[in-house]
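There are two complexes below, and they share chain A, which is joined by chain B in the first and by chain C in the second.
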Partner chain A sequence: MFINKLIRNALLGLTVVLMSALSDGDVFAGADARALLKESESRHRTKTQQYAGELTVVNKDGKIRKKGWKSFREGYSGDAKNLIRFTDPPEVKGVGFLSLSRPGGQNPDQWLYLPSMKRERRIATQDRDSSFVGTDFNYEDMEEFDHEKYKVALQGEQTVESQPCYIIEAIPFEKSGKSVYEKKILFLRKDNLYLLREDLYRKGDKEPSKRMILSDLQQIDGHWVARRMEMKELKKGSTTTVLLKEIVFDRPQAAGRFTLQNLNREGGD
Partner chain B sequence: MTFRFQIRALSSLARLRHLSVLIVRLRRLNPRRLDFIFDLKSELLHLFLLILLLPRPALAQEFSGYAEAKGFAYAERWDSRDSWGLGWGTLFAKLEGKTGDAQLTGSLRGEWITSDEKGALAFDPADRKIRRSPLSVQDFWMRLPLGPSHDLQLGRFQLGWGKTDGYSPADSFLPRDLTDPFSDEKIPLWALRLSGSNGALRYEAVATALTTPWRLPLLGSRNAPLTAEAVPAGTLFKEVESSPPDVGFSALRLLATFGEWDLGVWGRAGVRPAPLLNFRFDQATPAPSGTVIPVERRYAREEAVGVELSRITGSWVLRGEAAALFSRDHDLGNAVIGALSAEKGFGDGTLLITLAGNAIAPPVDATLLFDRAILPALITAWNRTEEWGDWKLVWTAGLKRGDGLLKAEASYNMTDLWKVTLGGELPYGSTEGPFGALDSARRVHIALRRSW
Partner chain C sequence: MRFLLRTLSLSYVRRHLAKTILTLLGVVVGVATFSSIESAKGTLTKGIRSTVDRVAGKAQLQISMEGGVPEEVQEQVRALPGIRATSPVIEQIVTPEKGELGSLMVIGIDLLGDREMRDYGFEGDDADLDDPLLFLAQPDSAIFTRQFAGKAGLKIGDSIALKVPKGVKRVTARGLLTPKGFAEAFGGNLMVVDVYAAQDLFGRGRRFDRIDVRLEDGTSVAQETATLVKALGPAYRVETPGKRGEQIEKIVANFVAGFNVSSGFALAIGIFLIFNAFNVAVNRRRRDIGTLRALGATPRQVQLLFLTEALVIGIVGGLLGTLAGTTFSQAFLKMMGQTSETLYGVTSSGTVRLPPLVVLQSMLLGIVASLVGAWGPALTASRIPPTEAFAKGAFQARPPGRSLVRVAAGVVALGSTILMALRPPFGGNPFIFTELLLGGAGIVLLVGPLSRLLLLCLVPLATRFAPVAGRLSGDALLGNARRTSGTIMAMALSLTFVLGLGGYMGSTKKALDHWMVDALTCDLFVRASANFNRPDFLFPGGLHDELLKVPGVRAVESFRATRPLYQGHQIQVTSIEIAPLLERMKYDFTQGNVETMRRGLTQEGKCVVSDNFSRRYKLGVGQQVELAAPGGKVRFTIAAVVRDYGSDQGTVLMDRTQFLRYWQDDRVDIYDVSVLPGANVAQVRDLIRARLAGRYPALVSTRQEFIAEITKAIDAFYALTRVTLFLALLVAFLGIVTALLISVAERTREIGILKALGALPAQLARGIVLEALLLALVGLILALPAGNLFASFMEGPLAELFTGWIMPHHYPWEILLQLLVAMPLISAFAAWIPARQAGRMKIVEAIEYE
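Then we have the complex of A and B:
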């Protein structure tokens, strides 16, 4: 089983390399969407990531709310564990969010800790379109994109923010647990396969319901990272922008950080 | 939670006899037990101070808090002593720090209340006095990691125990402050808590060396009206400061997560913090405004075991809790309390519906038993965070006497730090019920809060 998977991945890698060798400067011309997404994951996978996020939520009337959080991740994509702890403003300080991936591409287990209740609250799978602590992200948006949970297809190419990009359509597999979205359109930068934009379609919507834009790409510790993440609720007209600061990759995370015990630690990270 | 008090002269006399017996028993037992308790407290204090003195890395601190001014306007007055309005000012400051892996937290609350509900400025670190002191310690605790997934917490902190926010038999034994009968405020405990996890299994063990009693509103006021058939109008109730027992309770809880299921079991033993009231008609004295009747309190021991089960079903989280409570006290008796709840998220909000009841009829009027007073009840709570702030609606329907309570509150965030809140509480229905009896406490309120 493992050998088969290894051979399959090696062949896939070889295909990608051959394609890039035969192409005329266009690194992945003719590549299929799955291969591109696998290669993207393999390039950008890090063991851990942590950062301090400065959030600005602007509603349709232009009213601005600021929030702050600390984010910790171990693993990546389909095997990721995430912990987010709000640091600002006082009304949400201490609120914690834990997301643990489940095997077989199922939706992750998610919990929210509310300091006022001194206990965690489990997030139901179909509750994942709820706004995440007053931001334009919902609980599903807090997961990292895992291409194995989607049927993917290359749709073409387009320039986004002056960068040539592959356009990939991703439709969630029903067996992977219910998704909030009917489909996602991903814009992968051609030169480094970094995700620059994601158009998110809720069920029944012909136009994108939400749009996530990643910008201000920098290399930190040898890894590409977008230091600015913007989520727009296109129908509501509101936007949440996250500025990533104090970014650190591959630092070993404290043992037990991604546990319910830690989530319930008042004043803890 | 709200309560209505009824006086029954005969049961009070019976209680008086029980109290006498209890006092005699305690006098017999006290010397050695008290020595042990004082020794234990002293040892814990020494341990706490020793830990504070251990050499540790520099302390990283965070300071937070709020100042709030709140005003209440009442629809009517219960008697001539009550005013139409009430002012409540709060200043809360919290200091959190980390030294190495240890977490230290301390907080202080200063208050100013315009009514007689405010107590005298007194040193009451464990909230054992009848009225709340204008100055109180809300947090004073340290958490020490005993391993990556095991913690020891000691000091004064608030405990969240049950799984259900609406009504939980596991939470209801924790002391409440009913100075504001509608606020459902938990009182922190001086305790030692050991908690941890191993894979899908979690545990939590708590021991408190001291009883922190429920704090009741002024007896005979609009917040605790007394309907006394045998007592003439103008009677005053003089609450006697009594010393709650020096032993507290201990409890153990085990939790496990299996896929969509969460299972928990718990047990508890010790002194029940809700008092049993003794109306001392035998000590009634005449006064210019009427008769004055002293009211004493006593505290029963109780053992309890409980089970809780929850499961995610589609977009709902369904929970069931059941608890069996045992007491040899004649006025308290046994209870089998169950709660079923269903919770669903809507946007950035939650709808929670809880049905709770007691399968055993209590030996005295349930309204005298505080945490069991509202049972059976259907509680519907809906709260939601909006772009502009948040709101909540709570409807508690008493199923026995047809009374209930409607609560509504909306907060507007003027900035990230300033918030204004408008709300109201509307008890309704039969005055025989715990909510209906509070019809004179119908009110609206406005609050302005500045956080930092």
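Then we have the complex of A and C:
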């Protein structure tokens, strides 16, 4: 038994050596990155997640805008459905955002609901780089990250916030829906494979145009979760912070919550 | 030449300063009219074009459709290959409650996705948008340009009241735009709102005014236009912003081009003034000319001297006229802008800037007008032999030219004008130009001999009533035939213009009044839009049944008008419930009858066309009209042709069921409401207003009010024409003053002798006043047939050429009456200065005068 396993490992090792001799190092590194991302997804996947978010936008002049929302998610990554409903201040209460993933790695369907108009409006592909209701997130940032839509490669390691991290480069596959980014650099904490930072490069940019930092990691219901999410527009100098509160995982979601009917329902969550 | 100018010309100007100034004024008024109209026209069309370009931003194509583009078309377009981005747009012009802030252009855009389209961001350096989420969440949100906000004293969070179709509505400033690019559209009087809020605000339903399209790199505009036309069908217009701008500019340019006629007339009258002034100057300076010739000056040098004087007058008059024009141009722009907004729903806001080209053109016009006016007299001066120049009085007494040849030529020219008008050998601008040229030449040739003839008849009559004044004025007028005919020519031209244009306006108005009485026969008109030609708001079709339930209402008909392109012209397609309409309305049929119309429209799916449509496109009963509907092209057989003044480009009328079937759009412009017999119309109106209040625009007018509002709109259209009529009268007034001043100056010696013989200043003054009255009377008598001809030409061939309408002729008795009252007063007023001058003349100095 042990010998069998030894032979099998030896053969696998030989194959890897041969492959690396025949091809460049990226393919190998890519395979590693993919494995890491797969592992990360399997470790952090939850059936559902909901939280109350406290949103703060600080523009370059230091002007602060605050909002409150409730977020509901069902599924994860490539099969996620997301509903956000603003709760605060009263002037924006009821504004809703629904994002539904689509199969085959296509861009998700997204809608914004405005109670004053009593109607939803569809977010078109061309609008994916538009600011999400004045925050530093755009509509693409509001999607769940799905590594299947990217060509990934391990770039090395780096310490972020005193945590050793893997650095993974993710370049979107053009065929699976258009991305506003040319590439993303992901910083995955080595010990729990949790995403700590994401540098986002818009098309044609040499330097990252945006940076997302996830911090204040805690374990809730046995799941790691960053209670603070920060998106910086590096060129504009503005920052949007979301503080996650009342986080609950795997609570069954109401039937029909992630539908257009519910999005358009007065007082619907 | 410089020596001659300094010694001869300058001394003449010094001695006759008032006359020189009046001659100069002729050029100034003519040039000022031209330059102010031109610069206002240029600013208006340029402003409209600039607004179209600035608002278009990066859009390479724009999709529009009469009645609006349904929302779902945007998704359809986005799915097509070669499309990079699309953005819906709604545009509307509103006025703030504080009218002094000027019209405000409201642009409804999709703020979520507009960054791909406009060279403008709504955050960052370009704009200060306080809170984008709040902006989207609150339907009263608006972004203003900093320029407008400054003018209105608005800060972020402040609100402003605007007059919108639903009434007065307050909007809140939630952002400010930095004035550059897009934010400079409409002269900076710009307000941006969310396109979906604009739909509600302006009753667009689930439609946009247009969809702006940006193409993928590598996709050609022609290729994508073809793709879009194929995908969307013939009812949609797919065009580049440039083309759209050009079309709007063309529509407005056609409207403002009419004012060129006015400035042309002003200049023509100015030329006659100059001609007259120089003619007299030549006569007065015959001795000087004779001396010059005797001292060796060549005829060419003499001619050059007078032409140089004209050149100086042209330059100074052109310069002053251009400057004066700038002060009038802003007022002209305002009037033109208001009219173009009422008529076409487009206008521009801004300050008139005098373009260098207009300055150049105005200067050239001033110079050319002066040279043309002075050419004849200068030539005459150069041909004066020295011996004849010293023989005082011989020339003045000689009647001008060979009368018979002149009369014959005039009759031929005028006859040709009338014949050509009856049977135009060719069309377009060449026809108009030839008609005006021949008609003008005919009048010019005939005015001299005819005015002399008239004076020979009138002077004895005047002498019978006022023996001294009559004889004095008769001698003055008949004694210098050239001066008299020149003045009467300017006067007759002015009055021809006034009577002709006024007559045309009167005929048009009369025809429209008559039509309105026949067509607008219901008791109440429930309108969604204050503007007659641009729907600011449309009612939902369902309101029909609701209105029918209002106590006192007997019948409701739903009127809808769209303005699609037909053979490149913007015609009007109207629809209404025909059966009840025919019970109350009396149509004037030119082909077919009420039965063919009823059957054709209600049972056979046919249409009725207006008489001007029939004439313009040469289509009559039994022939077909092909219209582009959203589902494709539809052919309608013509059941009847009726007189209709709904559109100057032609109207097609169909039953509402046909419109609903092919256009799939149930919105309504006007609900025509008839009340039950005995019901109180005012009460029913109040009930309708109460039912609509807060939901829809409540523009409910009674029949009389509705007719009065349309009449007011027509009057507004003619407001500018009235200004030009006034200018023509002003030039005529200047003509009389100049002529009389010259007359007094020329007769200085004579007046001196008369005074020495005992003539009283009052007698002399009466003579001069009578001279003015006779000038005006002869001018008016000559202008009566000429003005009538001019009006007939405009109502007939000219109107038919541009609109297909032939207006029934109506003689402008009102204007004639006004002129009969005004002209003696104006003449007497014009005679006041010369009469005073004559009265104050000292006998010794006058007798010594050479």
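Everything below uses one rule, namely that the second predicted complex is superposed on the first by the 238 of 269 C-alpha atoms of A that agree within 3 Å, B and C clash if a C-alpha of one lies under 4 Å from a C-alpha of the other, contacts with A are read in each partner's own complex, and residues count from 1 in each chain.
Here is the rule we use: a contact is a pair of C-beta atoms (placed from the backbone, for glycine too) under 8 Å apart; a residue touches a chain by one contact, two chains touch by 3 or more.
No experiment lies behind these values; they were computed from the predicted model shown.
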Do chain B and chain C fit side by side on chain A after the overlay, or clash?
clash
Who does A:Val95 touch here: chain B (first), chain C (second), both, or neither?
second
Dominant toucher of chain A (residue count), chain B or chain C
B
Of the partners chain B and chain C, which touch A:Gly134 in the superposed model: first, second, both, neither?
both
Touched partner set for A:Arg65, first chain B, second chain C, both or neither
both
Would you check which partner chain A:Arg265 touches, where first means chain B only, second means chain C only, and both and neither mean what they say?
first
I'd like to know which partner A:Met117 touches here: chain B for first, chain C for second, both or neither.
both
Partner chain(s) touched by A:Phe86 [first = chain B, second = chain C, both, neither]
second
After lining up the shared chain so the two structures overlap, which partner does A:Asn192 touch, if you call chain B first and chain C second: first, second, both or neither?
neither
Given 202-210, 418-426, 616-624 or 742-750, which part of chain C has C-alpha atoms clashing with chain B after the fit on chain A?
202-210
Both chain B and chain C touch chain A at residues 65, 91, 117, 119, 121-127, 130-131, 133-134
Which chain B residues qualify as touching chain A in the complex?
64-66, 96, 98, 103, 105, 143, 147-151, 157-160, 163, 165, 195-197, 202, 257, 262, 310, 312-317, 343-350, 385, 387-388, 413, 416-417, 419, 451-452
Chain B partner contacts - residues on chain A that touch it in the complex
57, 59, 63, 65-66, 88-91, 93, 109, 117-119, 121-127, 130-134, 238, 254-256, 259-262, 264-268
In the complex, the residues of chain A that touch chain C are 65, 67, 86, 91-92, 95, 112, 114-117, 119, 121-127, 129-131, 133-134, 236
If we count contacts the way the header does, which residues on chain C are in touch with chain A in the complex?
75, 78, 84-86, 110, 112-113, 115-116, 123-124, 129, 131-139, 196-197, 200
